[in-house]
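Dumping the structure here so I can ask a few things about it.
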Amino acid sequence: MSVPAIPAPRAAWFLQVAGLRRALGAILLLAFSAFLLMPLWTLLLWAVTERWLYPGVVPQQFGLKWWSWVFSNADIGKAAFWSLTTAPTVTLLSALVCLPAAYAFARFDFPLKRFFYVALLASNAFPKLGLYIAIAAFFFRLGLIGTFWGVVLVQLVNALVVMIWIPSAAFAAVPKELEEAARDAGASPLRVFFSVTLPISMPGIIVALILTFLGSLDESQATLLIGTPQITTLPIQMYTLVSSYPEPVGAVFSVLLATPSVVLLLLARRYLLAGYLAAGFKGG
Amino acid sequence: MSDVTFEQIEKRYAGRAAVADLNLRIRSGELVCLLGPSGCGKTTTLRMLAGFLTPDSGDISIGTRSVLNLGPEARPTAMVFQRYTLWPHMNVFHNVAFGLKLRRLSPAFIRQKVKDALTLVGLPGMEARQPSQLSGGQQQRVALARALVLEPEVLLLDEPLSSLDAKLRVQLRDEIRGIVQELGITTVFVTHDQEEAMAVADRIAVMHEGVLHQVQTPGELYDRPATRFVADFIGQMNFLSVQPGTSGTLLAGPLAFGVPQSAVGTEVAVRPEDMQFGEQGHPAQILRVSDLGHYREVLFRLEGAPDLAPMTAFVGKSEALETPRVRVRRALAYAGGVLLGDAVPLSAQVVGS
Amino acid sequence: QTNPVTLNFYSGGDVNVKDLWENNLLPMYQKTHPNVRINLVFSSHGDNDQATIDRMAAAKKAGKPSGIDLLEGPVDDAGTAGLMDKLSVQKVPLLARVSPAVVNRAHSYGVPYRASSVVLAYDSSRVKNPPKTVAALLDWINKNPGQFTYNTPDTGGSGNAFVTRILMGNLTPADASFFQTDYDAAREKAWSKGLSTLKTLAPKLYQNGQYSQNNVGTLQLLGKGAIQMGPVWSDMGLSYLKQGLLPDNIKLTQIDPPLAGGAAYLGVAADSVNKAAAYDFLNWLLTPEVQSVVVDKMNGYPGVKLQYMPKDVQTRFGDIAGDFSYGFSSKFGSDMNRLWYEQVAGTAQPQH
Amino acid sequence: MSRPAPRKQTDLKPLLGLLFLVPPLAVLTLLVLLPAFDALRFSLGWVPEDNVSYASGLNLIRSSQPTLAVFGRLFSSASFGRDLGLTLFVTLTSVALLTVVSYALAVYARFGRGRWVGAVRTLYLLPMFIPGIIAAYAITTFYGDHGLLQAMLERVGVQGYHSPIRQSWGIVLGSVWTGIPFAVLMLSSGLDGVAEEQIEAARDAGASFWVILWRIVLPLNLVPLLIVLTFSFIGVFGSFTIPYLLGPAAPNMLGVSMQLNFGAFRQPQVAVAMAVFSFLVCALVGYLYVVATLRQNGRRV
Amino acid sequence: MSDVTFEQIEKRYAGRAAVADLNLRIRSGELVCLLGPSGCGKTTTLRMLAGFLTPDSGDISIGTRSVLNLGPEARPTAMVFQRYTLWPHMNVFHNVAFGLKLRRLSPAFIRQKVKDALTLVGLPGMEARQPSQLSGGQQQRVALARALVLEPEVLLLDEPLSSLDAKLRVQLRDEIRGIVQELGITTVFVTHDQEEAMAVADRIAVMHEGVLHQVQTPGELYDRPATRFVADFIGQMNFLSVQPGTSGTLLAGPLAFGVPQSAVGTEVAVRPEDMQFGEQGHPAQILRVSDLGHYREVLFRLEGAPDLAPMTAFVGKSEALETPRVRVRRALAYAGGVLLGDAVPLSAQVVGS
């Protein structure tokens, strides 16, 4: 038996090729970076602009006039207050509600487990507006419209999937041996959970907390229906500003609103990259 | 005092027995190895003793009392695992001190105990290290310290060395044996490595498919394996399929053996070192010689016996192989998988004619 | 003076309305009326008007107080639902200074404390002779493709007024008043001509048929020089000019018949327990000093007839304040929005 | 010798598991199932009189038996057809583009070498941390009419830029921009599971980059890909902020159209019927995901 | 023809050399094992030969031409990996046929070739199986078939057996050796298991920390390790720290050795089987005896030599240990980590007096 031993050296594996391909890669990379970054760059420019008329590639006149304008005119304080109270509350409450269930999904066998797991997905597929309208009527009867807890509760809906799936995968990834070693050393099951399971699965839980927090910070549709006018959060304020004032105001506000998030990004980067997100979604 | 007794223990998974009718008594202070191929039920047995699994039937006792109704935290056992041995979010000190702290001992006492335990396993002063800063062998030592610091009556080790390098494995197994003997702790050591088992165990319990085949000292286990499985699993073994000869003898080609009784399907088993090359015996054809260091492994065929599979012999480095003639020094006979008794090598001429 | 009272005041509108209350009127009122505290609950763009009415209705049904004393917004709708107090000169004496037509439009459920109308803003450096009639406007749009647009009628009154004006062009005066106050879906057939006018207009608009997204959107396009003409709220246009957000060459004008405008009404909830204080507050709003502030800060029209205002105010509004017409009733308005989306904007547009 | 009978361990775990599930199930029931059921009933002609937002709608269809009249009206309306068309167009293009771009990025982040990889790995996370409204606003200022991009193009002499903003492609642009982090994270972690050895074995056998991508990497990474496809589909299909701020005045995506019908048109019944319809479409796609994970779990055993 | 030559190969990671100044020539048809502890650079060497890594300096050639400029797909090499050996989404046939299909051969020809290759590795007719339906050993066989079907000039195996059970490992290594010898393929086999290396290799190349210490046949490597590291790594070895005695002798307690020359820090190395128990020699105190099957491991101390660490001897099962007296049969001397030469055991009396 003899093969015409033709090695098939056509193209080589990734980037290990001629400069041409490398250049192509660099161009694609640049294009992608521009696609992502240029809008944000434009926004930053607008935020420090006093006058920018059309054909200019840079503003004709820089200035921070709009910053003081925004601080003195817009209701930032109130909106920031509500955002920074609702978002952490939603995050913590959803953790309280969901983490035990996440643990149950990871460690226990019980009837209809899979069904419940998938039911959570289904909850995500119903268009939110449809739910909010119905929820609004329901909250109305309970006197929750325009209240802090009304807003918190309605935002809880969005947290369910993330807060159960991702921590559940994180719990499941804790080796049983580590828990057993603690039992062996004399710890009660509850003690084992708090001393061993929880700390080890913390990175995954942090990812879930961050996503929930960001989701809540970004939420506007539900808050608009349930919360306003008493509870206006930052995104709602943003809608107002964008639709009522010239560009720089929206830009200034955007920068204000995005800064904490981006700081969060830099802090949480390594957890996000560690694959907990995907583990959660694949766990089904 | 800390004897461990398994009585008619049975554990089934989805109808299949992972451990079936296990009766085993481990004496106080003894080191017993559970040995067997993957999936034979070693871990299951160990975990039932530790309290992580509940047997379907039977009883387990430590000392004189049954421990079946106790949770793992209440049993006087401590376990060292194969993988994931340390808690990655605690440093060495906190790993070792964890169980002590649960017992609300004074901090000074805990510090002293941890220090002693780390010294015992050869890691003095490593308290502040994170598990990730330790090598695999050091991690297993800390895990050992963590188990020992609670002064358990019974120490359980589930393949504690299998993720380590060969050299390190040898070193650590000797250390473990030393420590355990010094402290006089009853120890159950699970392994699938027979060399490891032979090196550390007072007695070895060989399991196969959930069934305990034999419990013996390493030497006796090697010399008189009670079942064909044990004979095959422990060390190397040549199995010769034999034909009944005249007057109660068995014939394997030119070789003849005398057995007390015989049955259909009887086999004769010969250890490679019992195949003796020399001036006398049957001419052999040497197929391959591997130099394994302090001895050589010789693959050979007996001349005039085309039906016999090639056999293995261990030959010292000084012995000559120029005149390849083979004599069997010692053999055993198995029937139905069970030891029948010695198969006495007979001079072929005597019988064959 | 009597016991201190708190008036819960639910209001809504653009941010300039909010500024007016918070920075000007309320502090001014508080200075002279230390015993009355006004608690302003403001919702931008009136997004919550419906929710507020729902809330009052539910309270009424449950027999509990809604906690709302004053309402700025759809007092007419609320009044029809029996939720508002009917006002009169006896309750609010200065109502006498308001044009009766304006009061009647809200069926006396509110005090029109300010008004504004939609006007046409244009770039005077490029448009020398702005159109004076609807027909002239349509003609101008067709002759200058891409230089005009209006915002979608659901996102702001200025676009809404333009659409309303075109639809109204084909109604008899009797019809027009019916459309302003009542509702009968069957009569919407009368709009079809206007809708088709708007539809044929679409390709001549900015970018072959792009609508701006709200009142400010049109102003921004004007400011950038992207269009030469568009309908804007008089008050917003004036304040943009004042702040320098629009170049000086932008001028405002009104056409004939005028684009819709309207007054902002403020009424008293039927179940309010502080009606006396509320009436007093409404009356205060119609005093000349307050009205001057409204005119000044909002660039709005006064609620009272112009004759009761100082001379300089009268001259300032000479050009555009002549008149404004009224839009459709709120139900007709909803249907107008829908039909506009279905028949005007929703139709196939040239895509690039 | 009497042996103590082994403790009959009534295993508490199933019970405990169900107990732990109660809080999220309660939330699910109160805030999803009941409202959804309400909405469904309303769309079938049952008008709850105590729900003012429902009962004050115009042109309500009231019926004592369930009726599909609302859906009939919905489906026969010309604007719904256009809206649905736009929604499908935007969703399918966005998902396709998103997948291609994300796959390229994930492959680069996984197999690329050099100092740019780290930068890219942070960069693609960025949109996750930018609230949707701001993203839409930023995209408008750059890509919009007379925006920075147009100015830059004109500077280098390129005329005739037509902004995608306020066109259907604007929604696609925004959806891709905001959808990238989730998609790349998901695909990346799938690619991380492809062992170096499996790729090297293929190179060794003579396979080129594209052959490896198509025959080895893609098939090994199928489940994450399906997850990205389904979740992006559901996300874009029901989106509101992006199409509202970046899309054309009309037609609208269903999410926006729902809002319009509920608010500006006072047609709550139509809005709710749209919601039910969207749910059915998304549930169908979600079913794909469930099947995919089931299959994967099947293979893992 | 398919000789493999490494010339002054060097590969650095972050400044640290993973492989330093490697010179190695593998003859056509030879099976060479790369042996060494974890992290010594075995895999790095192999991957440079396969083309997955580019050396920082030096040259690699196969036959007469340098392969440095060729990608892995263009080199006449085929590799079998330790883990993840098969593509899980393809059945056995498609796994093996993958490389052939890339070469656009006719389907009938491919089918035949795959069939032949599977027969060769002992898995005829397994084409339709999925990898998940195969045992670990079968998977490795398929991986071998996948490598062999392309008829490489050089076969590269990176610890192909280390994830398998002990018994299976022995069996498969013998098979691999057989197949490779039959086909006459030049083979580089990486392992950290010295027994495995000794059993399969024509020659063994021992590496340590990136440096090649010795290349030799298994027997010679065991008998005359060129460096102290090799002596320690291959088999077991007793190192005796010695003092210079009179007239060029070295003294280790009561033991004396004659060496050609000596230096500071010279050590004498004795294999355990060269410690002979018998009637003659120095009295010894036996510390522990482990029965390791066909021989026993004896830990002992020489009497009257408290400074000497305990030593190990291998003793046959038949030899008696009643009169524990020890004689050294053969020894080597190392200085500065390098072999000095034979250390001839002298009668202590002769020297000591």
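A, B, C, D and E label the chains in the order they appear, each numbered from 1.
Here is the rule we go by: contacts are C-beta pairs under 8 Å (C-beta built on N, C-alpha and C of every residue); 3 or more make two chains touch, one makes a residue touch a chain.
All values reported here derive from a predicted model rather than from experimental measurement.
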Which one of the chains is farthest from chain E, going by Cα centres? C
Comparison of A-D and D-E by number of C-beta pairs in contact, larger one: A-D
I'd like the most central chain, judged by C-alpha centroids against the all-protein C-alpha centroid. A
Distance from the mean Cα position of chain E to that of chain D, given in whole angstrom: 55
Between chain A and chain B, tell me the centre distance in angstrom, where each centre is the average of that chain's C-alpha atoms. 53
Taking each chain's mean CA coordinate, chain C and chain D are separated, in whole Å, by 39
Residues of chain E whose C-beta touches two or more other chains: 71-74, 102-103, 150
Residues within chain C bordering two or more other chains: 54, 58, 213, 224
Mind pulling the residue numbers of chain D that touch at least two other chains? 52-53, 146, 203, 206-208, 245
Sort out for me which residues of chain D touch chain C in the complex. 52-53, 56, 58-59, 77-79, 82, 145-146, 162, 166-168, 245, 248-252, 260-261, 263-267
Residue numbers of chain C touching chain D in their complex, please. 50, 53-54, 57-58, 152-154, 185, 207, 210-211, 213, 224, 226, 331, 334-335, 337-338, 341-342, 345-346, 349, 351-352
Residue set of chain E touching chain D in the complex reads 50, 52, 71-74, 77-79, 81-85, 87-89, 98-99, 102-103, 132, 143, 146-147, 150
Which residues of chain D touch chain A once you look at their complex with the stated criterion? 13-18, 20-21, 23-25, 27-28, 30-36, 38-39, 42, 48, 50-54, 101, 104-105, 107-108, 111-113, 116, 120-135, 137-139, 141-143, 146-149, 151-152, 154-155, 177, 180, 182, 185-186, 188-190, 192, 199, 203, 206-210, 212, 223-224, 227, 231, 234, 238, 240-241, 245, 254-255, 258-259, 262, 268, 271-272, 274-276, 278-279, 282-283, 285-286, 289-290, 293-294, 296-297
Can you list the residues on chain A that touch chain C in the complex? 53-54, 73-74, 136, 140-141, 145-146, 224-225, 228-230, 232, 236, 239-241, 243-247
